[in-house]
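What follows is a pair of complexes built around subunit A, which joins subunit B in one and subunit C in the other.
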Partner chain A sequence: MPELIAKPALEKAPLTLGTCRLEAVDLGPITSVALFPGQEKAMAKALKPLGLSFPDPNSLSAKAGVQLVWTGREQAFLIGVTAPDFGAAAAVTDQSGGWAALRLSGDKAAEVLMRHVPLDLRAAAFPPGRAVRAPLGHMSSVVIREEAGFLILIFRSMARTAWHEIEVAMRTLAARA
Partner chain B sequence: MRIPCPLCGPRDRREFTYYGSDDYLNRPAPDAGAGPWDDHLHLRANPAGETHDLWYHEAGCAQWLRVHRNTVSHEIYGAALVAGLKGGAQ
Partner chain C sequence: MRVAGKGLIEREKPVSFTFDGRTYAGFKGDTVASALLAARVRVVGRSFKYHRPRGVLTAGSEEPNALIEVVGAKNQTPNVRATVQEVFEGLVTRSQNRMGSLRWDLLAVNDLMAPFFSAGFYYKTFMWPRAFWEKVYEPAIRRAAGLGSLSGRHDEGHYEKAFAFCDLLVIGAGPTGLIAALTAARAGADVILADEDSRMGGRLLSNGETVDGQPGPDWVAAVLAELSSLPNVRLMPRTTVSGAYDGGIYGALERVGLHKPARPDLPREAFWRITARRAILASGALERPIAFPMNDRPGIMMAGAVQSYLNRYGVASGKRVTLFANNDGARAVARDLMAAGVQVAAILDSRANASAVENCPVYLGARITDTSGRHGLRLIEGHHAGGAFKLETDCLAMSGGWNPTLHLTCHMGGRPRWSEELAAFVPMEGAVPGLVAAGAANGTFTTHGCLAAGHAVAEAALADLGLSPAKVALPRAEGLPYVVEPLWAVEGKGRAWLDFANDVTTKDVKLAAQEGYASVEHMKRYTTQGMAPDQGKNSNMGALAVLADATGRAIPETGITTFRPPYVPVSVAALGAGGRGMGFAPQRFLTSDQASRDRGAPMIEAGLWYRPSYFPKPGEATWRVSCDREVAMVRGAVGVADVSTLGKIDIQGRDAARFLDLVYTNTFSTLPVGRVRYGLMLREDGFVMDDGTTARLGENHFLMTTTTAAAGQVMRHLDFVHQTHCADWDVRFISVTEAWAQFAVAGPKSRALLNAVLDQPVQDFPFMACGAVQLGGVTARLFRISFSGEQGYEIAVPTRYGESLFRDLVAKAETMGGGPYGMEALNVLRVEKGFITHAEIHGRTTAFDIGMEKMVSPKKDCIGKAMAARPALVGPERQQLVGLKIATGTPPCSGAHLFTVGDKVGREESQGYITSFAHSDLMGACLGLGFLKNGRARHGEIIRIVDHLRGLDLTAEVCDPVFHDKDGEKLRA
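This part shows the complex of A and B:
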């Protein structure tokens, strides 16, 4: 086996501008879990040891630093833990190398992100527990609401572009303050 | 113009790729002959008013939707997942 050197998608120091902070995050394993038809009960059983349930659209299930995030019809990403054996309940694929994660926090985080994501991301409309598939500029993303801001999943190959776009929005808003 | 995705909620139409009439859901049998296949591939109504057509939610859930809308008023009456449809076009 060749020795592969693990490298992060972004070698960027956290960026703080005004009250807003952007940082690259290593989420650990990311696994796509695509439910087979009629396997809801088997899925619930497989998720029980993790304390998770299969999420409804635009939401997530979380426990002890592990989360299962809705990413499509009968599909979710299991983040932060090696996937358990789902047997015949789901098609399971390792996505760990395909995605990069950014965390955007601060009281202006929604205003920054809404410059690129055409959704109402303010806390009243998009509270913790919610997660959506949404375009970030022209890039596909998963946007997860957290208490202090957002966790943003982006295709790994576009991590630097996403960082740049968000940084520009942060600078623009900071300049107006 | 916003399309109410049954999964993602109301989204800007630029998140979607337009495909065409929901006639495409009514695929003739392989041995149906040249006439029905010619109709299926090429013959379309051009309604001034209500229409059903197919849109792909590319920037969201990656599902095909059948959208019921009005070509005159631009009103959108609703959208359904093609994956859950029975009976083809309406």
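This part shows the complex of A and C:
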């Protein structure tokens, strides 16, 4: 019986420039959870064991390394844990392999990312607990605020372009110093 | 020459640069213009049309004359304003718009022909012979006219784009902007202060005034020190806010590296999009020239510029300077010059009743009527209250008053208001929502007034922002009123320039009026006034005043042309930063990408994806050989192709089937679980949007497949339909294109190949079945579908296993006499089978056209159904999908038109066109798919193919579009 070998979306060594760091990360399972009409209570019940609640737009709910990130109308991504049984409360779709995750950290992270994302990502306007669907250059992304920077989800097929564009922004900003 | 003890340049930091091959010395803080003036270089450019020698006119971004080329290792930038370009060690510049040397420009012959080159000259002269325009006249005119030249190579410089946000954007860092920024910053507002100069301070760096008893530059330095110490302030020097747009968004161009030697990763420029809740326009004012005869000689400069060169750069613009002005403010220029030891020949005040008390001769009621000095001003002539005069002078500082720099307030359609008192246009309030003009930009021309205005508008902005103001004491400053008496033009024999950059004179404007171009917009286009790189900053006011005079109207009645973004030239390289070459669009890579490249497959772009074109084997000289082998391989054994690029949409919910019935023409609610159905989707206008298969994975769970090309469009369409037609339905969908890697396995040995990799062999798995299978413990999805006409499957695994499965499938396929196939073979296979792609459903074809009108279910409604039934969209007059059998060996002729044999070959006789083409070894012919008028009734007819582009004239037999396995026996095998 042949074994299939799993491969990550991006095989890149972390890049550090000044205080800014870019790395590819493995988030474990990613599951889209799309709430069906009128299923709020059932959803809340299903999420209770995880200590999560269904997030409002542009935000997330997190506990013990597991997060539920708003990604669209009545839709959120459960990241970092195998999805529990949501019964008839939600349409559940495995998205694990479809997204590449990049972590950008350091005190210039917001400045770097604002080369490509047309949103105010500075801590005052976009604190931890916030997450948005946003264009990253010409790509569609999910940007999640973390304490030390950002977690960026990008289509797996475009991961190389995303890495390249963020790397260029990092180098460009560093060259200004 | 330099004046000891003057200027803000860093004299301890000498810098050398070249201009036209000669090396010049300057200091850090100099512009090319100030350094050249210091070296007594008077001619720095040639004018646009007459090629007249020109010198530096201004000290800012509005400069019309001193346009130079900056030459770098990787780029050559034309039309750079020498008054903006800072010097740095190794800077290479040269003059432009000349033939031969700058001093002896051969095209200066144009100047002698000036009497003929009036406005409209080209329109009148080059009308005949008509054919001469394109071949003779236009190239000659273009050679003689125009400004800088391009290298003809790509600009490989590095550029940047960025976004910024703030509570308050302050545009301009003169006294108004500085006090406004300080007021807002102390109150805790998030402030961006942008100024186009390399050094902030505006006129306070040049006008010699004191603020709070200290020299202007010292006060500026203290304010900037405080601002830069505050975390809520971002200072953006060298940043020109170039446009005001909807939603409080401003475009801004930052010169990041243009003042430094190039180094890797350092951007030359950055284009910013700044979103501001409030904005203050403190952009100051522009001094305006006076159109007196022969006013364009090198050495004739703006008075404010002469003052800037003296006080900021420590440069005397002449040895013996004359001032010609119509206002009080300009007197300070003469006083500063005299205090610095520069001789002032005279003050020529155009007003009859101004003060005559100065430490130099003052002539009232003065007019200059002629000047001399080909390569630099020597002499001026004119008359004043006391009679005629002739004055030897090498620098004339002129001031016709000031125009508020209100351009940004007009970017959203606002028109400025005429102020009789200032003899200038001032901004209309509220012209740009959230933006307020203040200080000189609003017609306040004293430093005291500017400080007070800046403070007041900042406090108003703070109130808007819900912040309480902190205490900012208003500093003491000069407040003498600005008194001006308009003087636009002086009559005389010689030409009097209005627009130096485009060589437009008062005569041209009068001629425009005389010939009926009396509207200011028509005059502008007829004379080209205001259409040069300075966009009329120096000439608009004067030109419209002359036009008003010529047409007997008042200035406000005459109106002003529209100011549009950008305020200064913005390089396309900055706007498109990062978009050159492969940066143009994201690249999407398949999981099999490396495996395909390892096999030498040339990759072609399909949408944003890179897909293998074919897989060459040793000895295969052309793509055709590889393609034909791959086709035969699929028909005879088994082939593997990565089809992950097709859009995949997961649809769930109790109303999922109902939703599919709405978006597809055919019915999906009747599809059994574990089966796949082909579906056709229409746009709302009734034309075909996309086709594909949808599998029913569970009672309330479907997987839709779209074409690669329309994957995004279909997803958007579903969202649209859901939100606008059935938002309350119990249906949810999400793209899973990226979550699954999917491979086509096609050919008579396809089942054998699958069984070699599956944990449990497939037994009873009929055509159009689907289901879950196991592969090395991984759950995969198997679909019995075919785009080749052979027995075929598609197998999907989670993306992370894609590369592994592709390599395994290909290796096993090769053992079985098969292998991978690329896009070329895929195309031949589907053309042989008569399967359509977006070459056929290209947006102008209907279900009827492609022969699928029976797929539009009569039993239910669907998106586009009503519109598809419109009379002109069905019937024999429609061009219908047909197959074409063409002689083998024919070159590709997609796009060729079809004609009835014997008909004239003309646009109106065209019967249709070819959409797809393939060389088919199987059919022993070349095959085409195409659309032919009433085509389904014309099978068997011989049709003529004409391809003007490729020079082809052929015939073909019209037939059914399905060439291979018409009854689908192989598919179902």
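Throughout what follows, the second predicted complex is superposed on the first by the 175 of 177 C-alpha atoms of A that agree within 3 Å, B and C clash if a C-alpha of one lies under 4 Å from a C-alpha of the other, contacts with A are read in each partner's own complex, and residues count from 1 in each chain.
Following the convention adopted for this analysis, a residue touches a chain if its C-beta (ideal position, glycine included) is under 8 Å from a C-beta of that chain, and two chains touch if they have at least 3 such contacts.
Owing to the predicted nature of the structure, the values given are computational and were not obtained by experimental measurement.
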{"item": "Partner chain in contact with A:12 - subunit B first, subunit C second, else both or neither", "value": "neither"}
{"item": "Which of subunit B and subunit C A:118 touches, first, second, both or neither", "value": "both"}
{"item": "Which partner, subunit B or subunit C, touches more subunit A residues", "value": "C"}
{"item": "Touching partner for A:21 - first (subunit B), second (subunit C), both, neither", "value": "neither"}
{"item": "Subunit B versus subunit C as contact partner of A:3, first or second or both or neither", "value": "second"}
{"item": "First, second, both or neither for A:135, with subunit B first and subunit C second", "value": "first"}
{"item": "Which superposed partner A:57 touches (first subunit B, second subunit C, both, neither)", "value": "first"}
{"item": "On subunit A, the residue positions that both subunit B and subunit C contact, one per complex", "value": "72, 118-119"}
{"item": "Residue ranges of subunit A touching subunit C (in the complex, touch as defined)", "value": "1-9, 32, 34-37, 72, 74-75, 90-99, 114-115, 117-120, 122, 124-125, 137-139, 155-158, 160-162, 165, 168-169, 171-172, 174-176"}
{"item": "Contact set on subunit A toward subunit B in their complex", "value": "57-58, 72-73, 118-119, 132-135, 140"}
{"item": "Subunit B residues touching subunit A - in the complex, by the definition given at the top", "value": "7-9, 11-12, 15, 59-63, 81, 83"}
{"item": "Subunit C residues touching subunit A - in the complex, by the definition given at the top", "value": "158, 160-165, 190, 256, 263-267, 273, 275, 578, 583, 585-591, 608-609, 650, 652-654, 728-730, 732-734, 736-741, 757, 759, 775-778, 797-805, 808"}
